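Order of writing sets the chain letters: A, B, C and D. Residues in each chain are counted from 1.
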Amino acid sequence: GCAKDTGGGTNAPAGGGGNQAAGCKLAPVPQGGGGSAAGSTAAGPKVDASALKVGLAFDIGGRGDASFNDSAAAGLDKAKADFGLKETKELTAAPNETEDAKQSRLRQLAQEGFSPIVAVGFAYAKSVEAVAKSFPNTKFAVVDDDTVKLPNVTGLVFAEEQGSFLVGVAAAHKSKGCHVGFVGGVNVPLIQKFEAGFKQGVKAAAPDAKVESEYITPAGDFTGFQDPAKGNVVAAGEISRGADVVYQAAGASGKGVFEAAKSKNVLAIGVDSDQYNQKTVENSKDVIITSMLKRVDVAVYDFVRAVAGNTLDSLPKRFDLKVDGIGYATSGGKIDDIKATLDAYKQQIIDGKITVSDKPSN
Amino acid sequence: MKTTLRGKLLPPALAILFSVLLCTVALLISGDNPLDAFGAMIGQLFRGTTAVDTVNSAAVYYLAGLAVAIGFQMNLFNIGVEGQYRFAAVIAAIVGGGVVLPPVIHTVVIIVVAVLAGALYALVPALLKVYRGVSEVISTIMLNAIAIGLIAYLVSTDAFGVQIGNNIATKPIPESGWVPGIPFGESGTLFGFVFVAGLVGAGYWVLLNRTRFGFELRASGESPTAATAGGVDARKMVLTAMLLSGGVAGLTALPELLGRDHEYLQTSPAGYGFAGIAVALLGRNHPGGIALGAVLWAFLDKSAVSLDNVGVPQEITTIMQGAIVLSVVIAYEIVRRMELAAEQRRVGRQLGRDTSDIAAGGSV
Amino acid sequence: MADDLAVELAGITKRFPGVVANSDIHLEVRAGEVHAVCGENGAGKSTLMKILYGMLQPDEGTIKVNGDPVRFKNPSDAIKVGVGMVHQHFMLADNLSVLENIVLGAEGLHGIGAKARKRVAELAKRTGLNADLDIALEYLGVADRQRVEIVKVLYRGARIVILDEPTAVLVPQEVDDLFDTVRQMRSDGFTFIFISHKLDEVRTIADSITVIRRGTTVGTADPKTTSSRQLAEMMVGSELPSPETRESTVTDTAVLTVSALRLAESGSARAVLDDIGLVVHSGEVLGIAGVEGNGQTELVETIMGMRRASGGTITLDGRDITKLGTLARREAGIGYVAEDRTRHGLLLTQPLWANRMLGYQTRKPVSKGQWLDIAGARQDTQRIVDAYDVRTPGIDVAAAALSGGNQQKLVVGRELSGDPKLLIASHPTRGVDVGAQALIWEHIRQARADGLAVLLISADLDELIGLSDRIVVMLRGRLVSEEDPATVTAEDLGCAMTGSAPREATQ
Amino acid sequence: MAAGIADNPVAGPVHVAPPPKRRRIPGWLNGVLWAVGAIAVLATASYLTGNVDLTSSTTTQTALRLALPILLAALGGLWAERAGVVNIGLEGMMILGTWGAAFGSYYGGVWVGLLVAIVFGAIGGLLHAIATVTFGVNHIVSGVAINLLGLGVAKYLAHLVFQPLSGNPRQSPVVPKFDTYSATGITNWLADLESEQRVIVSDVAGILRGLLTQVAPLTMIAILLVPISYLILWRTRFGLRLRSCGENPTAAESLGVNVYAFKYTAVLISGGLAGMGGASLVLLKDGADYLENQTNGRGYIGLAAMIFGNWRPGGLLGGSALFGYTDGLQLSGRGPAVLALLYAAVLLLVVVVVVQLFRRKWFAAGAAVLAAGLLYAIYFSVDELPRDLTPYAPHFVTLIVLAVASQRLRMPQADGFIYRRGQGS
């Protein structure tokens, strides 16, 4: 007969993993998880920044992209509330815009007296370098880039691989078939960090685990961040090969990954922000066990405070687990049972007992 | 047919007017003040580097537009300018960054390599068209996609790429390969390649209007059958036109590559080829017209930034670009018909075929 | 009696941009007659018929069909009252099947299925159409296409049938067949309006004649009492020129020698041209007769190098040109008046002086090496315009703005300008009016007297007989016989062209 | 006018070609034969390479899913081009469709969404019709402009309407999606068959299962539109008239067909179908809601699929299926699957060689042997295809197939010509 499909109930659980629900043979959990993280710098002293005019130059997508632009915006909002910022301005990049458009945007902000100016996205690196030279008294920051070596430019970079490591551990623990997957949007170095950390995390927790790892498009074809339909297919492919926990770092395509996970009854892991609470993917929130958090908001917030308090030197070189610039989400309570384990690994990383590489080993 | 000056200038003016009206309506709907918006667009020209940036970008669009126009001259629709220019840019950047040569020569080598690479990438659809009858529209659409993969490979660290932070780029071209610009101080630096683009445009005009090759090209475009009967080898023309188009396409990215970026980044913008189509259409394949179209297009592009700055949705500029293209072709068509009818009337009158009652003519 | 009239057009005026095609035309056609409409090129005949068929709307004037005033917005309206038209240029879609071509637009009658097929089959039988109804139309020959056009009209139940130059592409035997059908249908009560330039035909078939000149009716004539000469004078106000060649100028110098020429159809082994051998001498006009589609076009295009021969040789003035391209052949001294000037002869949107360059882009006076010599081209264009009486306001107008006859004069002028040794003239006066025709003939004769060799292809048998020194007949890609223009009649030629034995022999 | 399209058709010389010597195979049977052949080749390749992805139900399902927007765009292209209007603006109309689908579905449910998508696509079509039919603008020029406009308008409307709802100018809020249905009885049985891994049987079962599992009404409608388009265009008087406008509009006009009206209708339908193609990206389960640029060139691919399919419904179904299949395979099966596909291509070429030898076409057979050898050499020598290039497998396949077969293609005779009433000769 012909039946309406109800929430995936008619489907057998994921292909290969179906029978051996035993899960992975897990590596022993490292000891010494007690001492908690060094604590967020966000808890530092309050400053008054009401004199600052903060400019934000977003990457394509801008405020509301439910991704790192949004996260940067959140940091600004918090700074506004906490430090009494009066004047802020946000400008957004258009798709496929040229270098000079980026420069114009920054220059406009600088000319209108905004300082600091936060450029969101490594695509701004060259533009910031060019503009910062002609505005030596304006403070700039670039998210995701630390290649600009100028006194008035601060790089805000993250240890994505560390967070990815932790969600990798979570994936290994949650996998029934000891088989997990990674779906990257576009095969660029930044996303490769996610892949690298994830793979290491999985292997650390379960040396026998199998890891599928695919990108939707190769480098240069940025549609991979914009095509949920293809994200879905790639994820479905991994799931059909047996993966039953899928970690995505695929921008807007991630939605397709979640839906593939949902319709095949497997689990998924989100990225950048706490996707369990994100509106655009709320239909599939119940498969999201955790998200790798990249705290652009923390970075922006800390940067604004550092500028206001003239303590730029105190900013970390990299926002990592230690400074809570990176983390994992617990919303939904799906990993409460392994939280202790994750924190143990976290401590190991913070203590430098585990170093996570940012290049996938093949 | 010969069009009058009015016939040339009236349509674009009408089209711009129409697009402005359309955008005014759109802006009013979204609750923005059209005057602010248009004010910001005009005002940007007098601030910062926008004026110089506009000219710089226009040079890029101009080259892309010329590349498309060469195809159009003989009814070839080279959508592939997009893939050709990107492929050429990467190859030129790789070669430019990889060789050590004295100034000038270095630059010339890069330019030649770019032209050859563009032509090479256009060779595939040309051969497919000539020998297998594959429509260049489809083959170039496919090759545009394939170019992305090729570029991804070439720029990757496995091949010629160098990682800089989170970005990957080709090895930077040493200063000997650059094309120096003309600094305008605060207002930015004009690419030296703007003049090269101008030269290419002049060359295009001379080639089309003063040489046997240009005549044959236009003849094949206007009527392949008549051209064949007139001794023009259609296959050869398709091949040459396509290669020439690809070669000029290969220059497209050079103003930026040699004048500012000096390396090809993975994040380097795409889409100049598609803009080139619109620009060629706006300019009606005439080198002067394409120049105006390129400047207009670049101006609208730059407006996105300043509109955003005054809080107007920057999407307006895309609508405006689309509206201008569509209304300009319609306006040209209307004016063309008016002129054709007028010319027929004139011919009729001068031949005295019908001295009576002409006023009522023009039923077309 | 007005009741007798099947069609009555009164005061019809139609203006086009720059041209008044019809002005105050009157035409009365009695029911059950064959009524001929005569007039020179561009006199407005087709325009008038399109108005009667609803394809064009008159600016002024009234139309009555069977006594009732009508006003047609489109052909459907005309079809409804029983008017049908067979167009001067076939109105058929090559990729649609024969059946589809016929029922298109009249699906309301019998649908497009079995009923329609049955009805079409009946009509096909009646008109002698033997083709499979399901094959694509492109596979049909000219005569069959014409039959399809007639079946189309009958299928719609037309009682008044307009035939616009139906005989232009037919050989005499086919014309006879057509006339038989027409006569038979006339006796069944059909009314015909018949257009032709061939005045003998008109006098054979018509019951009455209306003559129009420059868009107005100049009078009616009775075919039984009027001679062709008188008719012609009514049409143009002057005598009918004849294409007679005066004295022979043929020499012994062979200019063009074609031997064992073969052209295979693309993608198959079948030959479109098979073992063609011919020689054209200096000062000679060699005429090629043949029903269209028997390989004349291909022969010409092969000699011009637009098609690659699959075998045989072509020699020009002793030089083997078989392997040369079109341009090289032109440079070697071939002038080429193509059969379809708008497709092969002209760049319609380009000015006249640019058209002067086409085919001559490598030669003086229009070019210097790789560079064009625009001043030279303009000067020489002006010379042609003057010498060939091309009626144009100037040399900067687009070629499309000239009338067909004037376009043709320009083309002939150009092709005789390069000092050719050989002129290939395909239908050099097709669709050209009598004045221009005479002028073109005159120029060809002059050039011939100066030693030019001419290969003439024409569907106009009178032209062929009058102009040629020798005539060869082409049938299914082969040269089947040679005729002497001094003795041969159009009728004989027609027989040879269709491959049937002459009539006397069969009887 | 310079671009793309030559001037109007001129009554050329009458050329009498020999009557066709084609064997009379009905179109549908031809299609079935092709499908059977394709499945046989894939099944064999799957067996010989041991790659089950080639014929698994997952692959079929993803192929269907990825083919759907392309199929609808291609159908859109078919309708317009059969009436003689080249529609390169499909992409823009699709984009309008995606916006309309999200908008309609958000406020009125999926069916309203579908309807609004069709209407939005049709508005794009209307614009194209006005430009090309009424104003005689070059079809490609108009299409390019519509692609720009469609993108701009959708972006602008999203900014205006969706941003307040989703907080994101580039994305709509989550909108209702079509429910999906499975023929459970059959599919369970097929699932058993598929998992048995028997040659051919399991392959066919896999493919069928993919086609019968989780099918949304929109999917069914889209597939049904293929035979429906065929029936309407080739079996009704409306269709005959419409096609006649693409073959010889002057003739059609002379027979009382209102060519303008038919062209308008056809281009409107074309736009509606493209809009529906846009909807299929938004309204299917696992779909994306509205997302800027989500069509991602699928309109162009649809156009290619239509040309590939020789301007026929069955053919374009094949073209879209080929594209969707290859894309699905490379996305879900990745390198190994594409490699297996390469192997299938070798098998196919072997078949071609046999056929050509049988037909005594030595040259074609030789070329096929060469190509097969080359592909086999590649297959044999690499164990992984370059990762950067596998995503473009569908594009390579399309190019190669066109290079082999494009000379048999036959477009409507007056396709792309500008027609003006009363101007025919």
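Quick note on the criterion: contacts are C-beta pairs under 8 Å (C-beta built on N, C-alpha and C of every residue); 3 or more make two chains touch, one makes a residue touch a chain.
This is a predicted model, so every value here is computed, not measured.
Common neighbours of chain A and chain D (chains touching each): B. Chain-level centrality, scored on Cα centres against the all-protein Cα centre, points to D. The distance from the centre of chain A to the centre of chain C, with each centre set as the mean of the Cα atoms, comes to 76 Å. Chain C and chain D, compared by their mean Cα positions, are separated by 43 Å. Chain centres here are Cα means. That of chain B falls 29 Å from that of chain D.
The set of chain C residues that touch two or more partner chains comprises 343, 348-349. Residue positions of chain B touching 2 or more other chains, listed in rising order: 148-149, 152-153, 156, 222-223, 364.
The residues of chain D that reach two or more other chains are 7, 169, 388-389, 391, listed in rising order.
By the contact rule set out at the top, the touching chain pairs are A-B, A-D, B-C, B-D, C-D.
Every residue of chain B that touches chain C in the complex is listed here, in rising order: 1-2, 209-216, 218-219, 222-223, 225-233, 340-351, 353-354, 356-358, 360-364.
Partner chain A is touched in their complex by these residues of chain B: 47-50, 53, 56-57, 60, 148-149, 151-153, 155-157, 163-168, 188, 256, 260-261, 265-267, 269-271, 301-302, 304-306, 308-309, 314. In the complex of the two chains, the chain D residues touching chain C come out as 7, 10-20, 235-237, 240-241, 243-244, 247-248, 250-258, 410, 412-413, 422, 424-425.
If you check the complex, the residues on chain B that touch chain D are 26, 29-30, 72-73, 75, 77, 128, 132-135, 137-139, 141-143, 145-146, 148-150, 152-153, 156, 221-224, 277-278, 280-281, 284-285, 313, 315-323, 325-326, 329-330, 333-334, 337, 364. On the chain C side of its complex with chain D, the touching residues are 53-56, 74-77, 79, 85, 87-96, 100-101, 103-108, 111-112, 132, 135-136, 138-142, 145, 152, 169, 265, 270, 292-294, 297, 339-340, 342-343, 348-349.
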